[in-house]
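The structures come next, written out as structure tokens.
Shared chain: subunit A. Partners: subunit B in the first complex, subunit C in the second.
On to the complex of A and B.
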């Protein structure tokens, strides 16, 4: 009896520590974004929304927020589209060296973002392509395409083959099979790939930093704010970034995984 | 619509494996044809060659007189109903059934109306707004049938469509399939390994084995007058008794067997005409044994046998009989309900000569 109680107390303590370890930094960040004072460090002086006000009044920060959204959406759409096409080709057709091609598509996942960014930077220089949000988009496609490909490829089962055959048998051409049958059937994993890709692009710093010049994304703007020292305003914008990621994840969980469970 | 199908000398080779070996077949317009055989006999390969999902290594396929050997599935006047139904999981039933019409460019209102008509044909009009995962196996089956028929094919190809259903539902669907085929008049080519299903629905049965056609004809002919030992053995239970042709005359032949000798009409040699000295195998259906020789019509006595075991099957007693004259393997006989058989009893064996089919012995 005693042993049971102590075991359960121990496991609960463990659980609390694990979650505290994971979420305490975020909790502190969010808490001090409401700090009524100039420094985001203890003690907590009182509750205030002044820093959020400052964030929304900051033109540069708002522009960076808009840039981040545009980059995240465009690069994710491209990554999902290319990933889907690659997965469809590799799952449905006998291609030369398909194992090697699969490996090559996934390989960028193992390369660090820094190396990818440096490689793209020297490539852009060599091709005389000016750095801009477009080059950031390209960089984000490079890192998110392998992820999208892997997720969509994994969900392309053989049980879909006959369904696609039936569509073809009823007169659908290749494009219509993909657009009307394959893509809708794989919609849960396509959306999962899209939203994951959006959150990765939204948070990404190194590539966005090295491949942008005048227009920058939010993480880069936050970084330049941090250089002038800690400030509850950075906490406020950090909290907003975190909130956006959580919102996307919640949406994903509720709309997508809830639906697949029901089916 | 409906069309005839001709298969000329079709072969299909996968590496070292010959799936189809020089198969030829003539199917009339509006027929219900069943391709019957064990798994791996080539029946599904033949069906996918008809549907255009595979091309033959050699030979020709024509539908309504048009060469279709290398035409893509979408361009053929055929539709296939797949074993796993292959319904579109994200579409409502009415959209599933209307898909082929949509591909043919019909406006939404028109195709919905037609699709509802076909759902009505299979008794699912009330469920038109449901999605496939809300249906039972039998209902999905019907939707797949409606979807395949909605584009008005000349030939409908059915790949073991009833395989996943339980026995009772399968029997019920067989009747429905047959009734729907009669109503629409489309040529049906149906693949199965269930000989009862084949007999229940087919106008003509194609018995296949190891890539070849063993037998082709109406169910009664395949059962009563099989043209190969495989066909005889695959269509229900049968006893094989080996023998030798002793003498022949114009329209009968005398056959010697371990059970005794009997004279058979020459027409009962279904595979080749008899010659003296030929080694043959007699095929005798269990229900053709008469335990006594009081049965109607002239019978041939085949000695006596001891009842080694019997079981009551409702319509008949199924008995294992050990012939007394020889220690060859036991025979299976179906004796009438009224017969009183006890284990160990000695019963006389008799058959009507007309019921016995003689086929060339294999191997010797």
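On to the complex of A and C.
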């Protein structure tokens, strides 16, 4: 009995300790984004929203925010679309070398972003292609396509084949089958793939850093803010990004995954 | 005759099907080839060129690799990377496993999902910002130093930021969340019957864990550990922000080649070395890693 109690005390102590470790930096980040003063470190001088005002007044930061959204959306749409088509072809048709094709499509997942970025950068330089948000988009599709393909391919169970066959017997061509039958059946994993891509692209730094020039994405702009050292404005934009991500996560948890759980 | 007719039409249909299927898979394949395989091959080729003064010498040679092994500053980057990555992977697994176990076993069922979401919530802070926020905690006038000084534990601020320890802390923070997720999902899939059987056969709690639960969750641990290794060894941001300019890791050295010296061939050669390190790690974990279709 005593042993059980001490074991459970130990468990809860450990839990509290690790949660404290996990939340410490985020708590500090958010708390000192409200700092009334120039340094985001203790002591806390009082509550102020001045740094949030500074964030919204910062043209460059707001432009980077917009760029990030555009890049995330465009690259994710392309990734999901290409990934879905490839998954459909490889799961539903017998193609020669399909194992090799799957391997090739997954391969970029095993390579560091830095190396993918460096490869693309050397190629763009060699071909004299100017760096822009477009090249960032290309890079983000390279990293997100394997992910989208793997997620959608994994969810293409064989039990869906008969429903698709029925649709085909009723005269639907492949595009109709995909758009009206397969995609709706796989919607949870398609959406999961899409939102994961958006998150990854939104947060990605090294590819966006190496493949962009004048217009940059938000992580790159935050990176250049770090040069000024500890700054409550960086806390403010960091807190905003964090809250936005948590809001998206909550929305997904409540709508998407809540629904699949019930089914 | 009729048989032959249906046969040809069947193969004709198959041919048409196959052409269509190629059409569907082609965009993804072409994208991967054009923007991943080709650049990668180009980089491999470039690692065999070299930079002399301001010119690129396009003659096959192994000078970059020879320099990597002979110049201590370059080789030490790989050593630092490997050391940090192994330390981070081990500490992260050791911290995350008990956490995942407690959430799976001790936390009431209806609260588990909540506990898990909470455990990985800071995962969603922006990647660059996450390292920056550790700077707030670890810097000279940061939270820890001020706390310790106020309590009277220390009189001079400790050098916590711009050290290897800071890099390790930043990494561990990130990977504990990731590993908790993979290990938890592995633990939760274990049928309680295994444990019951072990208990019936007279195993105590520790023996059950050591001989039954742990081996069964090894695939989850290895998947997470491999992921940790790959992401950790290739990361530039965390060591750059938290480790500063001491004990540079390989990605920092690669970026140095790009920046000041514009030595692309050397950067390419170092990237190939980085790739090889990841490949070795993959081969070591390969039998536990699987990608399957449901």
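Keep in mind that, in the parts below, the second predicted complex is superposed on the first by the 263 of 263 C-alpha atoms of A that agree within 3 Å, B and C clash if a C-alpha of one lies under 4 Å from a C-alpha of the other, contacts with A are read in each partner's own complex, and residues count from 1 in each chain.
In this section, a contact is a pair of C-beta atoms (placed from the backbone, for glycine too) under 8 Å apart; a residue touches a chain by one contact, two chains touch by 3 or more.
What you are looking at is a predicted structure, and each value in this text was computed from that prediction instead of being measured.
*Asks:* Classify the contacts of A:115 with the two partner chains as first (subunit B alone), second (subunit C alone), both, or neither.
*Replies:* Second partner only.
*Asks:* After superposition on the shared chain, which partner residues are touched by A:254: those of subunit B (first), subunit C (second), both, or neither?
*Replies:* After superposing on A, A:254 lies clear of both subunit B and subunit C.
*Asks:* Give one of first, second, both or neither to describe whether A:187 is in contact with subunit B, with subunit C, with both, or with none.
*Replies:* After superposition on chain A, A:187 lies in contact with subunit B alone.
*Asks:* So in the superposed three-chain picture, is A:49 touching just subunit B, just subunit C, both, or none of them (first/second/both/neither)?
*Replies:* In the superposition, A:49 contacts neither subunit B nor subunit C.
*Asks:* Classify the contacts of A:16 with the two partner chains as first (subunit B alone), second (subunit C alone), both, or neither.
*Replies:* So A:16 meets neither subunit B nor subunit C here.
*Asks:* Looking at the overlay, what does A:100 touch: subunit B (first), subunit C (second), both, or neither?
*Replies:* neither
*Asks:* Considering only touches as defined above, state whether A:242 meets subunit B (first), subunit C (second), both or neither.
*Replies:* Only subunit C; A:242 stays clear of subunit B.
*Asks:* Does subunit B (first) or subunit C (second) touch A:26, or do both, or does neither?
*Replies:* Once the two structures are laid over each other on A, A:26 reaches subunit C alone.
*Asks:* May I ask you to name which of subunit B and subunit C touches more residues of subunit A?
*Replies:* Comparing subunit B with subunit C, the partner touching more subunit A residues is C.
*Asks:* Mind sorting out which residues of subunit A both subunit B and subunit C touch, each in its own complex?
*Replies:* none
*Asks:* Note which residues of subunit A are touching subunit C in the complex, please.
*Replies:* Counting only subunit A, the residues touching subunit C are 8, 11-12, 14-15, 18-19, 21-26, 28-29, 32, 39-43, 82-83, 85-86, 88-95, 101, 104-108, 110-116, 118-123, 125-126, 138-139, 141-142, 145, 149-150, 153-157, 174, 199, 203-206, 210, 218-219, 222-223, 226, 230, 234-235, 237-238, 241-242, 245-246, 249, 253.
*Asks:* Would you tell me which residues of subunit C are touching subunit A in their complex?
*Replies:* Per the touch definition, subunit C meets subunit A at residues 17-18, 20-25, 27-29, 31-33, 35-40, 42-43, 46, 95, 98-99, 102-103, 106-107, 117-119, 121-122, 124-130, 132-137, 139, 141-143, 146-147, 173, 176-177, 230-231, 233-237, 241, 251, 254-255, 258, 264, 267-268, 271, 274-275, 278, 282, 291-294.
*Asks:* For subunit B, which residues are in contact with subunit A within the complex?
*Replies:* For this pair, the touching residues of subunit B are 51-53, 72-74, 78-80, 82-84, 86-91, 99-100, 103-104, 133, 147, 151.
*Asks:* State the interface residues of subunit A toward subunit B in the complex, per the touch definition above.
*Replies:* Answer in residue numbers: 159, 162-163, 165-173, 176, 180-181, 184-185, 187, 263.
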